[in-house]
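Before anything else, here is the set of structures, which you'll find just below.
Shared between the two complexes below is subunit A, which has subunit B as its partner in the first and subunit C in the second.
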Partner chain A sequence: MLEDKKDGWKAAIALAPAMIFLVVFMFFPLVNTTIMSFMEGFQFRANAGIFAISHRYQGIGFQEYINVLRDPIFLTALKNTMVMVVISVPISVILGLLVSVCLNNIKRLQNIFQTIFFLPYVTNTIALGMVFKVMFSTNNGLINLIVETFGGDKIAWLTDATTKGYWSALFVITCYTVWSGLAFKILVFLSGLQSIDKQYYEAARIDGASRARVFWKITVPLLSPMIAYITITSFIGAFKAYESVIAVFGRGSYIFGPAGDTNMWITVVGYVYKLLPSLMTPGNLSKASAGSVILLLIILAFTGIQLYVSKKRVHY
Partner chain B sequence: MEVVLKSLSKHFTDRKGNVAKALNDLDVTIPSGKLIGLLGPSGCGKSTTLYLIAGLHKPTQGQIFFGDSDVTNVPPEKRGIGLVFQNYALYPHLTVRQNIMFPLENMKMPKDEAIKIAQEMADLVDIGKLMDRKPKELSGGQQQRVAIARALVKKPRVLLLDEPLSNLDARLRLQTREEIKKIQRETGITTIFVTHDQEEAMSISDEIILINAGVFQQMDHPQKVYDEPANLFVAKFLGNPAINIFHGQIKTGVLSVNGVELDKGFKGEDRNVVVGVRPEAFYLDNKGKIEINVEFVEHIGRDITVVGNVENQNDSKVRIIIPSDHYNDVFDKSRLGFTPKRMYIFEETGERIK
Partner chain C sequence: MKKTLSTLVLVSVLSATALVGCGGNGGDDYNLPEVNIVSLDTLEATTTTIKFWHPFGSSTEAALQNVVADFETAYPYIDVELETKGGYDNLKQAVTLEIPTGNTPNVVLGYPDHFAEYLAGEVLVPLNDFIEAKDSEIGLDDFDDIYANYMVENQQFYEGYTFGLPFNKSTEVLTYNKTFFDAHNLEVPETWAEYRSVSEQILTIVEDVLNSATKIDAASGLDFSGVTLDTFYPASYDSAANMLITITRQWGGEYTSVGETFEKGKILFDNDKTKEAVQFFKDMYEDHLFATPATWEQDYASNVFVVLGTMMSVGSSAGVTYNVPSGDLFEVGVAKIPYYEADKAAVIQQGTNIAMLANGTDNQKLASWLLIKYLTSTEGNTQFAIDSGYLPVRKSGTESAAYQALMDSTGITNASDLVKIASKKVAPSYFEGSVKFTAFTDSAFIGSSDVRTVIGNVIPAVTEGEKTVDQAIAEAVAQLPNYK
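For the complex of A and B:
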């Protein structure tokens, strides 16, 4: 018993820095934000400290949640976010898996290919966005050049405020999201693939399994912990989409679309940012907080469902 | 199915261009329907040989025949072999039933038929009641049986076992090797059994193939290999305790160790030779030719092992086995006689002279 207690203390001391960090930068803001979201008409008061409760407000209640849920811009942001989640997550997970399996199978030039796929991992996301913006620019972008070579008409990828422009912009955003997130997925999948015992594959070969069966019956199940991990983190990441939109339009932190519709691809996080106080506007902190709490609840619900599903499906 | 290996070689080349000669010019014919032990020390190329027969490795040189057909370039799945890996390689996410059914599903066999055959096979190896368990819920011995069932279920022409007993405890090893022998007899499948354990190979095999450092040494009936080792390596590798080695000389056709004449009639120049005598060939004898300084005595129960050394034979200990009744006759210095039939004479290079 005495031993246990001693070890417990040692563990506590070792964990302390991380715990303090978590409390100060994660737990405290989370609680503060939640409190703020119930404080209607929140306003900063000079020298009132960091606790939300000691600042000025008009009432306590759910009013800001109602305001958020009735706000058409929030509904647009929520719809946009959902569309991006539903499209980009499956594409990026499946693509990451395929690329990893291919990379794992090639013997020659493996390092070069790995480097190519890891480039976005070490490149500034905004810089990467600039590259995308240039590539997809209407008049002399590389992509339109290719489209024209194959006899198509120029596409206004990022400058068209109509429905067509909505989908073409989604295409660019999805490409950007998938590409920028691919490196990490490949990193995880490749290390997972390399930890699978080669003998399973030799056994399967002798047992006469086709390539497709080897992939579905051996690789996927043995990689399922990584697949579950990547899927869950991708979902969470996609729900927090913001910088992908900012990066591809490349016209400032509050502009989510072409000139005609600057909220075209606004996301929930973008919506929250727009409500924060800045030099230009006093903002609306309680509304912003309510928006973030709603996003948090959605992410929690999705993650809960996925953890439940993966408990049944994942082989550890 | 007779398996013929014709001057089979496998050399591995690493990135720096270093060549590891895992197998060199192996020429053997493995008779149909027999259980053959492939025996040799660790790293001598046993697994490599097995993987070549399985088709998982491509030979650097040479050919492999199954019966009359050349399978050298036939892919593994078309060779009709079953392979039991050293660590079984059971699919961890599949149940026992799914593991055994896997090869059948690959052949697109209807499901109920596959279930039925898998059950029969599981019953044969006595795991019929564990069909819904995952491999990690099984003991080593049970996993091993699943691996055998999976290898046998598609009725292979050749069954390959790579050190199948090495992960089992001593008691289970004995029991399982008898069962493997029994299953092999019942199915009549040509079986190659790889092991580095000479006792295991001796007890289970119809014939033994000995390899050392990728080079063929001898192939024969287990008793023959023990009684008539082809060279010093084989003599040393078989038998527990190992054969006793003495350094001797041949002078004008007479063989002597420490100046004591042991045998005569040898041809060729005067030279140094190596004399091997099996431990069980010795007996206590006041007029015996060899005197040993006894270091200690080990009791095995039925027998005792006497360990000692001989003057001028500094590097080798002498180990003899005598019935335990003779315990009281062992003194600090004892003279030993031996049965000449169990004495083998080798050139210093290892070739057998007599």
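For the complex of A and C:
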């Protein structure tokens, strides 16, 4: 038994590989990034290694945080990220739950449908983005062909830099994000559904409970740990989104919108990523670090709120 | 969770406090790498391997490989590991990422604003000691043979220091559909006013063709059935950044300036002349006369030009062959870019320089220099200019028998080669005739590449983005607070 104190060293050995990786690739970069965010005008020096304090900077303080919070692109990124989180997470969680319940209730072809829904999970993000870009292309795109078939006008889904284009692009990004993230949610929900004891459903059937009542009174409460887990990880994933936007617009590594407004759908991580090509510009890396720390704090706050709420709502 | 969070916050605060205790490590006093030139005998005693990073795609890379192979034959004790980074931005990012790790290449191609960042990273080696070396096999005694205008950008950072030599140079040219122009007796525009006027004529002609049953232009025989009126624009400009910089200068405005040193630059493009210039092209766009490649969801207008979606386009002289359609669909003409007023005629000087980075032993530094010297020599550079779309960087290269034979184009029938030669002939013609152009490069400073990236969005923002010129300029300025 690992709980036995005498076997503590066994536990340590078992945990060591993971801990080493966490320290090297997670905790150290986190601390290094935090330090860097306070170093105003941070700049790399030749051969100085990876420790922030061995490089060039002009002072210590919160100036880079002020610069970031005054940067109109960061504010755009923050707004976009919040919009994506608020819209895509509830849609994807609810849709994932509904698809899982439907899949769990069908007997025939269940495996085939499971495989179909799981395909996006094993497909390359950029490849998926390219497919979406082609599907939503203004000229000859599949979606516009359907729109025209029903008598509508072509929509510039991903090439319109006006306010209308902002919302049409959000529609595409949301479709992409929800669809590509659905597979994992279905997998988790389905395994949760299959572990619910059938006796509860039998008892409800004998009592004559309606399907909706069974869903709300049995399925949702018993699945609540899974729902909480998926909701929290989905929020975190949505806050970190950037590759989905790059993939959907498909116009280059640092382009987050149509030609008329290449920052139209930039996200906070996209903002950080976009600062990296000019590493030697004084302060760019400290701005990127400050942006990362701000995002970390936002995610921590959201996760904290969700954990607090889930304590009352989740039935473990 | 709470403990982990508390620990993280504590570590961060403690680290930040510790930094205050350490005091600033900063300052703008960038150190230059030291140079110690070993003898050629030392170099010959053993095989030296050097890394050379470049941005080229397959066709130009093949031309570079040929010249590097010649170099390795001449210096069998030097092994060059050639590696493409797939584009200028990728190359700069790859180099800067390796600055803290010390794994930068020995030799690199780059623009002056890339070099400004390498200087700030203290890895850019001044070449003076090599150029002035007494050993004739090392020193550069024919330095004056290199075109002086190409050297300015390599000597701008610190007075008296040379940080690179020109290698692949080009400029911008106007490519046009010669078959269509000749068939309709259209004049190739020399001014932007003519550019607009010709565009209007083209649009009228193409509208008539597209409204006809056959959609075939009877005068030129060109089949426009693959073109639609809503996507046809008579004129285009490949690089929105180059365009803004060029028209700013041509209209008499200013783009950026550099302070006392390359460390601090200033943006100046928020001026009436720039706005007037941008408005001129916004009006053309709104009249369906002009587009940037983004209008067609393309990176380059050449993709549209070859399928008759546009009839003229300004682009790099080194890339004109991309405008040649398959199957000799039409003939391509090359001309000077238009100007606004004759006394302010200006054209951008493009292409990169070659430099040495500090990583490496003394042997590697000498081997790197010998490679730089060879690639910029009359022999090596002229061969590269002949094989690629770039221009020779030496007077002797331009005047060499091999280059002149290419310019004669006798016996050459391949359309791409002919267009490439026509483009090479246009470059020197900017400085001939009644209207003489100024070939310009803007001063590089740390962050000037960031400025270029931001202003590259101004033209698309006023065309595709439907923003006013004032809005687009104001948004660009707001994104560059450190350069006001």
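Following the convention adopted for this analysis, the second predicted complex is superposed on the first by the 303 of 316 C-alpha atoms of A that agree within 3 Å, B and C clash if a C-alpha of one lies under 4 Å from a C-alpha of the other, contacts with A are read in each partner's own complex, and residues count from 1 in each chain.
Here is the rule we go by: a contact is a pair of C-beta atoms (placed from the backbone, for glycine too) under 8 Å apart; a residue touches a chain by one contact, two chains touch by 3 or more.
Keep in mind that what you see is a predicted model, and the values were worked out from it rather than measured.
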Side-by-side fit of subunit B and subunit C on subunit A, or clash: fit
First (subunit B), second (subunit C), both or neither touched by A:148: neither
Which superposed partner A:139 touches (first subunit B, second subunit C, both, neither): second
Touching partner for A:56 - first (subunit B), second (subunit C), both, neither: second
Touched partner set for A:7, first subunit B, second subunit C, both or neither: neither
Subunit B versus subunit C as contact partner of A:203, first or second or both or neither: first
First (subunit B), second (subunit C), both or neither touched by A:45: second
Larger contact residue set on subunit A - subunit B or subunit C: C
Nearest-approach distance, in Å, of subunit C Cα atoms to those of subunit B in the combined model: 26
Intersection of the subunit A residues that touch subunit B with those that touch subunit C: none
Subunit A residues within the subunit B interface of the complex: 197, 199-200, 202-210, 213, 217-218, 221-222, 224, 315
Subunit A-touching residues of subunit B, taken from the complex the two chains share: 51, 54-56, 75-77, 81-83, 85, 87, 89, 91-94, 102-103, 105-107, 150, 154
Contacting residues of subunit C [partner subunit A, same complex]: 1, 5, 8, 11-12, 15-16, 18-20, 22, 24-27, 33, 89, 92-93, 96-97, 99-102, 104, 117-118, 120-123, 231, 292, 294-295, 297, 299, 358-359, 446-447, 449-450, 457, 460-461, 463-467, 475, 478-479, 481-482
Subunit A residues within the subunit C interface of the complex: 30-31, 34-35, 38-39, 41, 43-50, 53-60, 67, 70-73, 137-139, 159, 161-162, 251, 258-263, 276-284, 300, 307
